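By written order: A, B, C and D. Residues from 1 in each chain.
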């Protein structure tokens, strides 16, 4: 009865494109060392490590974004803008990564990195809420996301990491890594639902 | 009876790719601050705000471009070049954004930013006209775009913003924001038409 | 009877992605002027004009590449490498554009720009030849490309432009523009063939 | 009986996007010469040659990645992360290329270039192993990759190239070129399998 004016395919394609560019242009911030010996790479290690961490975060978002959109029965204008809002904050990750990579122990750069990740997490929740509206409160989608422990824990951890940055950036770094590990496993809440929605698709060759 | 030598799918895919790159490489213009404290971000705020504004504009174009192409029954060579022309002007947005971001209160940079947005809007109208030719004057597409109030208002507002830049760049900035807000809602003229064209598609699961 | 181990879809998608990035990152070479007034844009005009010319060339390649691949019944390993070879030379266009944009009247930069365009044209011919092998000499594809006047004329014109660069770069520039205008019209040789191949497709709604 | 929670399509699309950006942004490392004559390009030749070599390597990965994913009956979470890990190491290729391109005869830069290629090759093997798990040890996929001579030879050659860098970078360069030539031919192990899996597809028009 409810009509959706667009499907999720092109939104996914555009989001994938933006995420692919985000995850890749970050590497442009890694500047070749001035020297030519292997040990000249050492001063670049913090930048490389920060890049690797951000790469994992963008990869996690790509993965979960993929699952969430596939589990939704459609999108509306509100969800489309919630998605663009998420992409906006994710697009600031390269900027925050570049700043932190050059100043790995600076409170300001660490707190800002945490702030951008926090805004990404909040934006992801907003998108989830917008998709919830599209699917309806009684839909399988709603049940799948009913208990969002990891989402809430992430928000709290990011806030803690931002606060910790002004005392010890090592604590902040540890928290960032904990969140990344926590999300490393794909969001399995949507799996049974996706299997049901796409059961007659041609990608299950078993 | 009329034959179209290509469908809209690959044109959309290529346009999406270009728009995804445009919207993302703009962030490369945001340079990490020299300092390491949070207040060192303050001088970057105008650049970040300009980036956010341009992000919204590209997002709006992506969204409406998506709707307009889906509503059209095909494209021809003329529409293909009209589309490339639009992409060309949109590709200048990062350049204009970088200049304005560094000189947020400069008349010249503000006027040029308005000029690029004006050329994007004119190019969008040209593409709309080319698609109108493809669909024919009696087609549902023609009826959907018959009253293009927002399009004409935008052109007038951009011209006003360019002129205002030489007296008060704040007025220009306000006009840019007004246009963005005005277009924030997706172009609903095409929705019933899209629903009709794609009614037998498999993306409406209701 | 002949078996092709892959279809053209993903090759097109990858090529589109590369072309979308090429056409867009060229704009990163346009640096915001040091000054803030409109007339400070004047020294940038040659760079912007060179960018526009290269944008048109990449657009032409995208368009004709699209038509040629759609007209082919498949690709093989040889065609895949011929395609990568074409993408390689096209990927040097931003480099050549940046050099020419900064030195619009330099013989060396003009000749190199012509050389890169010449290599692109030769690579396109090689790809055409590889696809001819896939389709067979009696296939409709072979008949469609039997008289390649524009292709041969382009090669001759590029050689002339390279030679002219050492006497008058204006002559070279004029030749570049002539070739672009010559190719502006999509390659209509493949249209009837594409229409026949895709006649039962769902993109013709007439 | 085994259920896969996702198909390979969007993973391929995202990987293609990342690979398209990687292969193209490398060209941003090629800086226009300071001079304007053709002979001013000479000092850029090592950088251009290194770029060409990396372009071929990324092209090889794209090609074989394409074949391997198409031959697999699906992916799981483990394969998805193995794929991201591969993309991470591939994304370091532009960084290693930029360093080597500026210091073509430096031991450190050459060894690091070999190290990044080695990690890409190891990551590719890990992805292959993850897909093997998805397909099962008795599946056609397992038989197709049963004898991975080229893969093992590449690992050994990369290690040799890294060691050789500290004695003669010319030997390392020669080894890199040998590996590239060795992989130039597409991975034909998967072809019969792909033909069988996709036999009823619409891309074989013969």
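Throughout what follows, a contact is a pair of C-beta atoms (placed from the backbone, for glycine too) under 8 Å apart; a residue touches a chain by one contact, two chains touch by 3 or more.
None of these values were measured; they are calculated from a predicted model.
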- Task: Just grab the chain with the largest centre-to-centre distance to chain D, centres being mean Cα coordinates.
- Result: B
- Query: Between copies chain B and chain C, are the contact residues mostly the same numbers or mostly different, with half as the line?
  - Reply: different
- Query: Once you find the CA centre of chain A and the CA centre of chain C, what distance in Å lies between them?
  - Reply: 36
- CA centre of chain C versus CA centre of chain D: separation in Å? 26
- Could you list the positions in chain C whose residues touch two or more of the other chains? 13, 17, 20-21, 25, 28
- So, in the complex, the side of chain A touching chain B is made of residues 1-10, 13-14, 17-18, 20-22, 25, 28, 73-74, 77, 80-81, 84, 87-88, 91-92, 94-95, 98-99, 102-103, 106-109, 111-112, 197
- Query: What part of chain D is in contact with chain C in the complex they form?
  - Reply: 12-13, 16-17, 19-21, 23-25, 27-28, 30-33, 35-41, 52, 55-56, 59, 62-63, 66-67, 70, 184-186, 188, 191, 194-195, 198, 201, 203-206
